[in-house]
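For reference, the structure discussed in these notes is given below.
Residue numbering begins at 1 within each chain, and the chains themselves are lettered A, B, C and D in the order written.
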Amino acid sequence: MESPITVWQAIAALLAFAAGAAVVAWSFRAGALALAPHAVARVLRTAPLTASFGLVVILAYVVVALLAPVLAPFGEREVVGGEYLPWDEVHLLGTDNLGRDMLSRLIYGARNTVGIAFATTTVAFVVGSVLGLLAATVGGWLDQVLSRAVDVLMAIPALIFALLLLTILGTSIPNMILVIALIDSTRVFRLARAVAMNVVVMDYIEAARLRGEGLGRLILREILPNASAPLVAEFGLRFCFVFLAISALSFLGLGIQPPTADWGSMVRDNATLITFGDITPLLPAGAIALLTVAVNFVVDWMLHRASGLKE
Amino acid sequence: MLQMIAQRLALGVLTLFLISVLIFGAIELLPGDIAEEILGQSATPETVEAFRRELGLDRPAHLRYLDWLGGVAQGDLGHSLANRRPIADLIAGRLANTLFLALYAAVIAVPLSLALGILAALYRNSLYDRAVNVFTLSSISFPEFFVAYILIFFLAQSGLFPSIARVTPGADLADKLHRTFLPALTLTLVVTAHMMRMTRAAIINLLASPYIEMARLKGVGPARIVLRHALPNALAPIINVIALNLAYLITGVVVVEVVFVYPGLGQLMVDSVSKRDVTVVQAAALIFACAYVLLNLVADVLSTLSNPRLVHRR
Amino acid sequence: MTTEAVAPLLVIRGLRIEGRAEESWHEIVCGVDLTLHRGEVLGLIGESGAGKSTVGLAAMGFARDGCRISGGSIEFDGIDLRAASRSVRRGLRGKRIAYVAQSAAASFNPAHRLLDQYCEAPLIHGVMGRAEAEHDAVDLYRRMQLPDPDEIGFRYPHQVSGGQLQRAMTAMAMACRPDLIVFDEPTTALDVTTQIEVLSAIRDIVDQFGTAAIYITHDLAVVAQMADRIKVLLRGEEVEEADTRTMLAAPREAYTKSLWAVRSYQRDERPPPPDAETPVVEMRGVTAGYGSLDVLHDVGFRVHRGRTVAVVGESGSGKSTAARVITGLLPPSAGEVLLDGVALPPDYRRRARTQLREIQMIYQMADTALNPKHRIREIVGRPMAFYLGLRGRALEARVRDLLALIELEPDEFIDRLPSELSGGQKQRIGIARALAAEPRLVICDEVTSALDQLVAEGILRLLDRLQTELDLAYMFITHDLATVRAIADEVVVMKEGRVVEQGPKSAMFRPPHDPYTELLLSSVPEMDPDWLDRLLSERASGVGGATDAPAARP
Amino acid sequence: MTKTTNHSGQLGGISRRRLLQGASALGAAAVVGPLGARVAHAAPKRGGTFRLAMGHGNTSDSYDPATWDNAYVQVFATARHGYLTEIAADGSLVGELAESWEASKDARTWTLKLRSGVRYHSGKAVTAEDVIASLNYHRGEDSKSAAKPIVKGITEMRADGPGVVVVTLEAGNADFPFVLSDYHLPVMPSSGGKIDPTSRDGCGAYVVDSYEPGVRATMKRNPEYWKSGRAHFDAVEMLAIVDPAARQNALVTGEVDAIDRVDLNTVHLLKRARNVEVVTTTGTQHYTFAMDTRAAPFDDNNVRMALKYALDREELVEKILNGYGEVGNDHPIGRSNRYHAASLEQRTYDPDKARHYLKKAGLDKLEVSLSAADAAFTGAVDAAVLYSERAAVAGITVNVVREPNDGYWSNVWMKKPWSAVYWGGRPTEDWMFTTAYAEGAAWNDTFWSHQRFNALLAEARSELDDARRRAMYEEMQALVSNEGGVVVPMFASYVMGLSSKVAHPEQVGANWTLDGFRAIERWWFA
């Protein structure tokens, strides 16, 4: 594990990885096409290799997250040996600074990280898009008030704002989810409002208004379905940024409660090692990066499908 | 146009006011105050009390806020509660540092991301496009400090660049650029992906326009199509995303400042939050908010200027 | 005009073009032949989806993104465009083959001045230098009868009206003096009065330079004025081809005949309502506008039960604004709207649900009028559920009845999404949605203008039938006098926010007219190939004064 | 060249006479037990700019001695200021500005004779008035100084001529000269009986050139410095580099010459770097888990004992300190202290005993929350996690609560019933116990109140017989260990990284980091 890395080794590893990824993606698509029901297969056939790769990765993460206790060779918080044991057949990725099994921590980290990120992003999107759609639909003073409020929140540096709020509220996982969600929701608000602005001018919205439809139906049934594509795309990106936010917060000393394993904090805890060429912190960082890339591949593909853009 | 600018500036002032209230309130809500924080483990109730009296913290919060506001209205940012230094002095140098680093990173990142984005739009769906996409996505999915450590490992330990951005007042520009190269590069990696993707998307979005088809039917080549026909019309979203990222470069770089030991505003603000030095936090928050508001305003003005419809009225 | 001895300029043989949809290729042009001689103008007509534009672009060796030329040959002046390299094709485009697009407003790059865009092709093809090109541009602008030709090139596209832009685009196409110009519906987006000017300018310049042209349009009367020969396309295949007069006089194929017949649809005017009858809706002295700018000035008219009032005017005349006042989207600053003699609250949000139900609207663009994420069942069913409280089976049955009424097979359509419908079918769903509310007044805002003529005629017939069956009042907003002639009982002519003239249809189409009405009426193209010449000479002799109409506002 | 030297400083071996009748003995200090095998350096050389990066430093730092709370300002202060006494590298007390001192029999009245001819950087001479004003600054009603409890015992001070100060204490304190070495108590120029706390003027080895709080300070050698054989560097640059990785990188890449607070996670890797020497000293710095003995369940000593047995101290030293430290024995007196109770049996991890005590407390199982943050000490959270893992075996559930670093000392410490705590330690047993274990002490973070202990503490303070004093302190250590509310798992070493260009005396002070805060004046370039 303490193998110093060089630029060339890194590049070689990346190339090897890319090649492997292509093979995996291709075989996944081939396999899925054979197995999936007709309708799904038709959609899948349109997926470029990148999107198939993204789907495989996301699927793998979900499986790992759900089956963490089954897959992990050791417990999440279990101290199983000395600190920084090298990679061997018992501890495939060695142990961390407290002698906990790195692989097991990574696997449990998938569950915690993905779970927290999902919860955070969901809250951010529910709050941000509902308010954004509301502002765009109702307009007038409500729009003004909400937009100004969001301007104010966005003008405060996000990380410092999070730091302030978490210090006030305390760093429990629910608080962290709420605070990051609040900050993210301002970005979602802007997007949702902008997208909805393009939808509310449509004649079918005018028709619904003239029919006398209530606000709730107007927003949920008439506007939301037509604004969902860019929101979903944003969801993908924001989802990944939550890890980064958690990681940056743990850099400033506010992170997830130990001994819960999460990738953001794991990167932080082991980050110093990279400056000695030890690749340990690359594992959780790589896990985040891989998921980000995968999610964005899928999102790109979905956007492409939604826009009907024929490039 | 001037009217819009005036209106936006007025709104900006309102935003600043609201932020100052919000930040002040938040700091009041923070557990502990500056007396407890500075005395730390050594605090005793008596010394904390004496400290508070000396700083006037025993007065009600709203009076202290009004005092502060009155000072700011007259252009006086006040003194740091922690070490009694005038905030204007405290901040001036750091603001210059922050702006320098932001500018440095922007000078690298903006042309780079524009070029990458334009090339990606030009050769969309090619191997190049995908490679750039994966690379930039990966770079934004690494935490900033981690990107910084990796750069230090590869570029500083070999002695190419210094690992800490120690800027001395007398240093000449070349030396300064050399010393701050790694933080600037880190920030570049962090912001490039976003701008590059936006540039690419904005251009590709326009490639389906009738006037692009028209240009192709006039026999215009692909490069000229992208540069002369698509790019000028894609400027508004690109300018906006650049402004957003510049704002980030000014306001969001505390982590990079810490890793490279660069005395910028972000670190000052975090330090001051942790010490509950409310006057410094307020000043820093206002500067950040100003930067955000002004950049957005400039972006809007520039996007307006980039659109002949809005410049040359009928 | 044509001589056998000279080799034709363009020869297309067995052209096949495929389009990509749902990840597979479908043929959209299936073996079209085309021959064009120098100086000849070929009219290419057909309905949407006939492949006219696709064939026109293929003549430049160009296929749009998502399309590919899969078979046949395209030979331009001896050059095989399919086999030629990309750079050879690029070298021809703009220099020897030029293109004039349907919407000049969209096809001029909004970021550059007209003159810069004019000069682009000559410069990149190395035909002439900048100064020469600019000089030339002024000359062509003058020939195209553009106002202020010396200065207009320094304007941006948005500063120039639609009709002028279309002429500027034609001038731009002429810049390198090409051998062939493809005109792709160059006047479709223009008002009738503007269309005349553009048509005449195009015809003059093509004549002057002896340029060959392919003129693509769905408007038979227009093509009659412009083309030497006409080729009719249907679903990517040729129906027939003949020289213009022959084609107009004696179309051979049934499809062509049906196209020709469209123009003949006309309904008799219903007798005027009894004076005592309270109109369903009445506008009284309405002045309304946006901000401080009044768009309507003292507008008033009535719509009676079972009658159709056509509101006619060009873009910007305020006819759609009048509809917005009636629906309550735009509360007027003066005047009122009465429903059954009772004043309606000006703002729709203050109107009772029954009042909302009584007035329904059908939109011009069926594409944007139907929520793309809702199925037909919901689109049509929602007003019933909302206003009439229908649920479950009753609702389902009523939706099916209504679909049958608008001549769409319920089983086939009830679960479709709007994107799975054709333009005409979408418009029918729009009608069904309006009817589902069981209204008294239906406002039809240019409901046929985006449709092909055959389809439009079907819609008009349907609306007429429904009016008779359901005793509906229609307010029919249109700029197309043919439509007015077809469907109206009464006509209201609007210009610049004022009612210029109103009265029964029979009176309107009989002189003497208000001068503006006269201009409108005379500008409607007729199927007679000599119509344009006649009209121009009449106007030149001072019978009517063509003015440059305000820019088309899409 | 890479090697590690461990200096285990000892405060023992000082005769009673030398304590009560101190005199400066610079250069004569005996070299006591150097554990490392560093090659003895040639005579110190002058010259060079010493660049020192420290893991502390905050933009809110100031010149005001009342607020010095981190090692950066402490080292910075020590470099520019003079103190009355100095703790030498071997742990002995020597005079600095006080040339000698003498106590009355009951150790209540102390007469300090000041060194003559010492001047501040501004040129003003150091006077007895300055000494009194400097100490007074921390006393009195309005004092906001963190040192207020330290000088609380002073009841009166007067100048006896220009060079003599007589201090009267509330009660006898044999360790008083040690107190005067506290970093809060530099002698600063006064006027009208008051010092200017915002002044940078001092009489120390280095003169401040520039200071940007939380970033850097630059200093030049004081050309008129009175000590010989000190202050070898021409100039000093002190940087605050809070991020451990950045600090280490700065050392490895040669940006700085020395760093403190080496990241223990990577110290094994740092040692491999060329031209880097890792220096460690183990002194009085220790980490604790303090229980509020008034609050249930910690009010039951059986519960406390159960918790004391449920912790694997060896593991903590191994994993949290990476071996850079020593196990603690649940009292704050380390092996470097004079009266360390070596005979007290070392407590070890014993889940059975923990269960036994739990049963004695009438419990089957126990669930408690332990608050920690890295602000308490580096690795506190991890230490708490390890604690919780081991305690689980004994049927004790320890819920680790990660508290925010920010505000830890005001909101968590002494507020939450059980929290992780850092103690820099004190040079004397009395000082340590008085500060944190005496009943009613401001920082008695276990709120412990033990009659016998309190009585012993008062008695030992003015006890003059060394053997009796030792016996008393040993008993007190046993009392704290067996009945106190504190778990002391480990004594942490100070781990510093030095470029091999930097040379230091064989004996490195262990009382504080960086040679007792005095690396700047004691070290030199080889």
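Remarks
The working rule: contacts are C-beta pairs under 8 Å (C-beta built on N, C-alpha and C of every residue); 3 or more make two chains touch, one makes a residue touch a chain.
In this text, all values refer to a predicted model and were calculated from it rather than measured experimentally.
The chain pair B-D and the chain pair A-D differ in C-beta contact count, and the higher one is B-D. Taking the CA centroid of chain C as reference, the farthest chain centroid is that of D.
Distance between chain B and chain D, defined via averaged C-alpha coordinates, is recorded as 40 Å.
Chain A and chain D have Cα centroids lying 45 Å from one another. Mean C-alpha positions place chain C and chain D at a centre distance of 88 Å.
With centres set at the average Cα position, the gap from chain B to chain C is 50 Å.
Among all residues of chain B, those that touch two or more other chains are 30-31, 145, 149, 152, 157, 207-208, 258, 273. The multi-chain contact residues of chain A, meaning those touching 2 or more other chains, are 163, 167, 252, 271-272, 275-276, 311.
Each of the following residues of chain C touches two or more other chains: 65. In this structure, the chains touch in the following pairs: A-B, A-C, A-D, B-C, B-D.
Residues 20, 22-23, 65-66, 327-329, 348, 351, 353, 356, 359, 361, 363, 365, 368-374, 382-383, 386-387, 433, 437 of chain C are the ones touching chain A in the complex. Chain B meets chain A in the complex at residues 11, 14-15, 18-19, 22-23, 26-27, 29-31, 124-125, 130, 133-134, 137-138, 140-146, 149-150, 152-154, 157, 204, 207-208, 251-252, 254-255, 258, 266, 269-270, 273, 285, 288-289, 292-293. Chain B contributes residues 207-211, 213-221, 224, 228-229, 232-233, 306-309, 312-314 to its touches with chain C in the complex.
Residues of chain D that touch chain B in their complex: 58-64, 67, 69, 141-149, 198, 212-216, 239-243, 245-246, 249-250, 252-253, 255-256, 405-407, 409-411, 413, 421-422, 442-443. The part of chain C that touches chain B in the complex is made up of residues 57, 60, 62, 64-65, 90-95, 98-99, 101-103, 106-112, 120-121, 124-125, 155-156, 158-159.
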